[in-house]
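Read through the structures below before going on.
Each of the next two complexes has chain A plus one other chain: chain B in the first, chain C in the second.
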Partner chain A sequence: MATTTARKPATTAGAALVIRLGAAWHALLAFGLVAATWALLQARWVQRDGLRLYVAGLILLAAVASVSALVLLLRRDRRGRAISLGLNYIFGVGSLLSLLGVLGLYISLDEVAASFNRWVWLLLGVLVGFLIGSVGDRFTHAPTTQAAFHRVGGWVMGASAIILLLAMGLIQGVIGLLSGLGDPLALVLLSATVLFGLFFWLMLRPQLAVAFGAGERDAEAVSGFLFIAPNLLGFMLFFAGPLLFSLYLSFTNSDSFTAEFVGLRNYIEIFSLQFAQVPPGQRSGAVLSSGYIELVRLGDFVIGAKDRIFWIALWNTIVYCFWVTMLSVVPALLVATVLNSKIPGMQFFRAIYFIPSIAGVVGVAVIWKWLYNSNIGFLNYGINQVLGLFNRLPFVEIAPVQISWLASQQTALASIILMAAWQLLGFNTILFLAGLQGIPGEIYEAATIDGASNLQRFRYMTLPLLAPTTFFVVTTTLITTLQVFSEPFVMTPPPGGGPNNSTMTAVLYLYQRGFNRFEQGYAAAVAWVVFLFIFAVTLVQFRIQRRYGDM
Partner chain B sequence: MQRMQRRFSWISLIAILTLALAACGGGTTAQPTTAPAPTEAAAATEAPAATEAPAPTEAPAPTEAAAATEAPVAMDEVALRWRTRPDNQAEIDVYSQISSELDAQLDNISLTYEPGGSETSSYQDVLKTELSAGTAPDVFWIPGTDIADFATRGLILDLRDLADADADYNDGDFYPGPMFHLTFNPETGMTGETLWGLPRDVSTFALYINNDLIEQAGAEDPRVLAANGEWTWDKFLETAVAVNNLGGDVKGFGMNAWWANPGLFINSAGGGFFNEDRTACALDSDASVAGMEFASRLYNEFGVAVPYGEDSEPPFLAGNVGMFLNGRWATPGTRASAAFDWDVVDVPIGPGGARSWLFWGAYVVNANTAHPEAAWQLVRALTTAETQSKIAELGANIPSRVSDEAIQAFLTYTPPANNQAFINNLANDPAVEGPLWAGSWPEFDAATGSKFTALLNGDLTLEDYRATVCEEANQAFDQ
Partner chain C sequence: MKRARSYQTQKWLTYIGAYAVLTMFGLLIIFPFMFMFFTSFKASSDVFRSPPQLLPYSVQTASVNGEMVPLYRVETPEGLRTLALVDQGAPLVIFASVDDPSRTFERAPRDAKPVGGFTAQEQITVDGETKLLWEIEEGGQTLPVFELSRGRMGVFVDPDDPQVTFDASLTDATPVERINLQIENYQRVLELQNIDRSLTNTMLVTILVVIGQVVTSVLGGYAFARLRFPGRDSLFVVYLGTIMIPFVVLIIPMYQLMVIVGWVDRIAALVMPWIFTAYGTFLMRQFFISIPKDLEEAALMDGASRLRILWQIFVPLAGPAIATQATFTFLYAWNSFVWPLIVINTGNFGNQVLTLSLMVLQGRAAESPNLVMAGTTIAVSVPLLIFVLAQRYFVEGIATTGIK
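== the complex of A and B ==
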């Protein structure tokens, strides 16, 4: 370790110049970014304070990174090169994408698609060219003829492709590109793209790597990052960015249009609970403070909440999660065990069980909604038909039933649980099946020779060996079910979440607060509470799994 | 092999680049219509009347109009997007046709019609999200209950100045109920000062009746009873019980689970959702509770209704429900699907009269539109008697203009034969669907909806309902 840091790498004059240029470039970039932050904070045209602060924060962060790169580059520190590469890459890609936007590429993609549909038949020429080339393959005995066919085929293919591109507007595109570059903003973005690209390329040069003493591992790391960069950028832009922005929103009273910082107010409102004793014969409203509404009553005690619906939604979500997990995991294991047997036609049954998993949730929910209809639904019809059979017996008279599956608060959530478990069962079965097929048959043979019964083999061999699969199945099912939205949204439509909020779930509730009532700040806070809850559940599961695995 | 792979990679790269190049050519044709250029929009709103708006309307003579619009600077055609919430494909077709006709009719305005989703696909939620993202259309329809929310958040344009400059426009041409809210100024609390939009149409509840079931049950014809002024709650209950007694899957009555349905019984009992100045919940008043008590008895004591929360329309269309409470919008579906003798009848008379609802929605203008004058012209064109009659002919709604001509035309749009029931309910002092200027309607709706459901499903006693219905609902009002 000491030898690697002690030895100063050799630096050529060219590399030294690039390092100095790179440092100057980062100084310029940092200055530009600070100026941009200032301008953004002053800008009146950005009406949304939250968004402005958020973007300003990100730009300032980049400025700090640029200054760090400057300092570290001058110190010949490898980290400086890494930061420089990252910044130049991000800003280079950003400039290029912005340039394409300014040139109108994105809003024209629809037109290109439409134009492609119009002219796609020209691709037949490419096919003809390909076929001509393929015919040539038959003339293996006559190389000249074969080459001639290949050449003609290539020409036909190329000509067809060019005609297609011309028909789609290639020339207009080139003219559009050239005229678009006349726009000063486009020129600035083009220059930025070139400069960022140039410095990225310079920093990537082997001479620079040598100058910073970067070894094989650094080169591999750079290559690795470059490979994952597109995905990483997408992740940052479309996942991590909005995630952080939602965290910021949760501390505001944002209504989508304006946002004022309110600190922890949203969280305080969510968690505000009050415990009070209610004298007999009195209503809870008389003892609870203003703004608190009875959540639950336990004998003479009442628990009031400022946001009663959140707690109801959370409770419903937990109930839903528990039952759907139970009903889709335990039966899935049993079904998988059966489907794992080598009986003819088992492939067919595996497919049958898997079908509900590939059906869309919304479509399935709509169909189940009809099945559940109390008046004309098949479920009540089927029950009454069965009851009718019993009624044929002497002295038996059972009145027909009309269960309000989705309309009654006693049955609504259970109805949705049943449907969701049915839909998840197939997927979990396939996962268990894969796990079961990974267990070597020899182990079972040995156990059989030792006299283990079927039940003992299942209890002491299958279950422990399936533990990783079980952990995966339970974790993914828990996470999926804790985020339940579509099923209650479709089956018990708004307003509210079903009869007397009995199917209101946490995600449905945050959707309603955010998109139905314009309370994006509060909805973001609910989202973070739900996220932390799911995170905590998963963490506990990991701990249990680890302990279970250690035993 | 490696060479082929490399060649393929190069060909792919060239293909992508050339396609991208081709895309660069079309950028100029597809500009967003709601261009957010703030200065342009602001300038246009600050000086709405002087240049563009009055010219086409005040100077109808073709030559003058042409001179006014095509004058010194060649005026580019204005592209407007507009949206409404149709209930079915037939309505989409009619709106598309209207859009094409208006496109040809309105000078220098090019229209794109976007059918919005249905109520169940959250039309308003999508619209709000688009407004937030700055991609909402220039002109769109919203229900009457949402006007306050959109207006107070500054999402829709106050069209009063444009209307005042329009000599042909008169607030009095439309039903006064919707216009009260559409001209309400939340800053002064006075009506008649603003103009948030113009009503697309109006509608009201009536009872859709299955004459076959009623006759089979031996009940009196509700239409005859209504004509004689005897269609009371008692008679209504008698009819429902008689039909219900037919047994099997047959139910006497059905209504869907949203605020207006229980609201009808509250209104007819003499109660209401809000206090007089609409600043607090009044669902716990004696009259309001009496209305809900009657509704609750239908479900819990007599068991004559399709369970509250179930969609009553499919069993009604299947011929299993004697009376189905719904608005005019249910007519096209009933025309298409009912295979039995059906008609409509007035809503029954309760202790407070036969008070139905006056439902309405309005065309409003996006506050960020770049073309307010053109948008106003479009709103005016969409609410002319001619346009409204084309929509009303479909059967889904009633023209929002108060005119004998419109009413006479509406009566001819049969079936149902007894269209007069809708007109009676409109004339009979209906409660106007209205926004909450002093609170949040979605919050009020969510809070009360769950209480209605709990009471009508027997999960809450009437006493508990009275004690708690306004507890959460009052939080919807500005503190």
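== the complex of A and C ==
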């Protein structure tokens, strides 16, 4: 610190030059950005109106930032340096990523995948290295042996990885990418990257920090932003940006290539319902306005909807969500209570119960589809075996059943519910078990001494103490099940929806509208309705938790 | 004394009850996977058996005159014997007498004449079922009969002595079966519509996503936990909030983004959007915040850079937390289905991942569940292996996410 202060007069001259250069650079940048905005607004070749305005707004914002950086830099304001650093970083990374795109790095992943297919067996070396390393874990009493195993394991893993990369053509790939630099666009982007990087580096130099009177805290803030930057950029690009864009799309009739603003039309179409009274014996079509189709008929009343399938899908989703939550949470709680007893072998059972949740929905759905087969499936076979046992009793005669689980309108959704509950059961059990193990055993001992029965202890101690875990389990199960898609998509064959839309769910409907019929604006509106519905359910959950949380 | 014994008995009863519940529950959980595993080893002749059988059986064969022929248990004049079927023989119909349905006759189809001719064959009703009426010769006289079943008269030989032959109806012969694993099912399914490519694609995508997520989460988690910068806390709240936002809202705009960038049908679309995660950043931040501050302060005094502190102090300490995040990300990436379904064309065999291939396979190979199950076994066994290797981290991860 002391030395920098002493050298302060000497550095100011250099710093002043950098500041002037930086100001000029920002003037140039602002000019370029304004020009780009103008060009973008003129360009007719960009089809997406909304996106064009969005991007133009962002560029204009950057131009304003650049101008303010220019002014503040000249005034020796610390904020000027901060804005300059931010702009140079964002544009530098942007140019670099675009440069990599122009050079074909992202697309070349396809070729990487092809050569990975050829050399994948070299990964065995990495596995061997990992195993050598984990053998070391057994030598906790001999640190040197342990360290030696870890080191050798690390070497083997590293060497195998390098051999794999070389075999896959890392060097040729890099040369191939670099040879693309001859392209004019690549050259422009390369020079932009270098210039932005240069100014970023200049602004970051200690002399500049001193010149702006920036201290330790500013340095920490800069490193904070640098550390969070990769994450934040990805977050903006692949989360926040698309989220806003999705809201915009829901007000358009986008088909993924063109989009026209249609206001609230999609939402109105979704929510249009009509209640009418039908005289007995008359068809509902006579009383409903045109465009409305009968949804349900309750005696003399009929409810019509413009988008009938949406309401069916929503109803199915609610039914699915309710039953899967019930069937996977309540038994899980009971099993976890049994598992919590300190008898040997619990770890084994715990591992077994966890398997369905790691197996993945598609694999599990494929398996269950065969179990549900009405001719050769094990489910019907098992049911008939049990019925056969009953038939041995006197006066009982039940004919063997042949339920066509997934092919019939009455049972298709129930079949999927059963499977989903089965899959979530083990996971929820483990969650409850983790919660139960957090409850200290002494409380139970005290209660036992006071003469509380098992049931009383469960009702008045376990349940209230477990409330946070229960809340977490129920909430995650609700959120997962309200988004159900893969199960009906795989089990009731594409395009899905099952017999007479009986397994049509909200997200499945969204998929059909968005990707089978390419009505992506409408699908985006459906997505927002589903999202708001999930949000409302979660909110209700939170309120219940707050009210009963400390019972 | 007596009390103590009853306490012991009660304890044992509790044990037995608990094990019974847990085992039943465990069987319920494990059965579909047993079905998958055993079906994947079945021969194609064995898959549509009714009633269904769990274990893969196939007909035992024996070598007769240099040819492999199936073995059967056949009723012979000398009793039940194990014989080899050398000739499927001629078709044969089993008829039952109309006057006495318990009397049955085996005849070649051409030896029976339709009563009233083929065009206007007479019918009778037997036990409520309508049957066609035939006439056969039996002991010099014609007899009205109806068809009971059809079969074949096979030629069997003694596998030890091929000269000894027997004629017997194939319907009465029961095949000699034994458990037999058709390991070549795996070979075959890997060749089917490029599933081996799907497998390595899934591995590559998963590896890249895990590495990317761990790197960005460690960097971001460190910044949130240890570095003060303006807007940090509000940004963290935003991050937390996004964990609640379901992926469904992002499907459509992300697809359009991929169209704009030109990544539709590309591996890049499966990797790039997934190497940033609010959830992982949150987990890492929670872990880093629990590390005592004095550890890094000494290093800072010595003038170590932040990156060096992170790499040499925080990352080694965070080993278990990183392992937890890596295992969860692994599972998520390996099993992801909706996003690949949207961005990868199901006809593009080059860039498919396993979940997609499996979905296509189960639709196309509906007549060979053994191959479908072999594919499923491949898809399931890799996460299972990871689970076995890293079980500790799963449990720890669940405990931290579930309680906190």
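Observations
Assume the second predicted complex is superposed on the first by the 344 of 551 C-alpha atoms of A that agree within 3 Å, B and C clash if a C-alpha of one lies under 4 Å from a C-alpha of the other, contacts with A are read in each partner's own complex, and residues count from 1 in each chain.
We adopt the following convention: contacts are C-beta pairs under 8 Å (C-beta built on N, C-alpha and C of every residue); 3 or more make two chains touch, one makes a residue touch a chain.
Only a predicted model underlies this, so the values are computations on that prediction, with no experimental measurement involved.
By the touch criterion stated above, A:L109 is placed in contact with chain B and with chain C alike.
Contacts of A:S374 after superposition: chain B is touched, whereas chain C is not reached.
Look at A:I175: by the touch rule set out above, it reaches chain B but stays clear of chain C.
The larger set of touched chain A residues comes from C, when the choice is between chain B and chain C. Contacts of A:T140 after superposition: neither chain B nor chain C is touched. Shared-chain residue A:D255: touches chain B; no touch with chain C. With both structures placed on the common chain, the touch criterion links A:Q42 to neither chain B nor chain C.
When the two structures are aligned on the shared chain, A:R517 is found in touch with chain B, with no touch to chain C. Common to the chain B-facing and chain C-facing surfaces of chain A are residues 107, 109-110, 112, 256-257, 375-376, 493-494, 515.
Chain C meets chain A in the complex at residues 14-15, 18-19, 21-22, 25-26, 28-33, 35-36, 39, 47-52, 54, 196-197, 200-201, 203-204, 215-217, 219-220, 222-224, 227-230, 232, 235, 239, 242, 244-257, 259-263, 266-268, 271-273, 275-276, 278, 281, 306, 310, 331, 334-335, 337-338, 341-342, 350-351, 355, 358-359, 362-363, 369, 372-373, 376, 379-380, 383-384, 386-387, 389, 391, 394-395, 398-399, 402-403. Listing the residues of chain B that touch chain A in their complex gives 15, 18-32, 38, 120, 122, 124-125, 128-129, 131-132, 149, 153-155, 249, 251, 257-259, 306-311, 314-315, 318, 320-321, 440, 442-443, 445-446, 449-451, 453-454, 457, 459-460, 467-468, 471-472, 475. Residues 51, 101, 106-107, 109-110, 112-114, 116-117, 120, 123, 130, 134, 217, 220-225, 227-228, 230-235, 238-243, 245-246, 249, 254, 256-257, 335, 338-339, 341, 343, 345, 349-356, 358-364, 366-371, 375-378, 381, 422, 425-426, 430-431, 434-435, 437-438, 468-469, 472-473, 479, 482-483, 485-486, 489-490, 493-494, 507, 510-511, 514-515, 520, 523-524, 527-528, 530-531, 534-535, 538 of chain A are the ones touching chain C in the complex. Interface residues of chain A facing chain B in the complex, by the touch rule stated above, are 45, 100, 103-105, 107-112, 115, 161, 165, 168-177, 180, 255-257, 283, 285, 291, 293-294, 308-309, 373-376, 402, 404, 406-410, 412, 492-496, 498-501, 512, 515-518.
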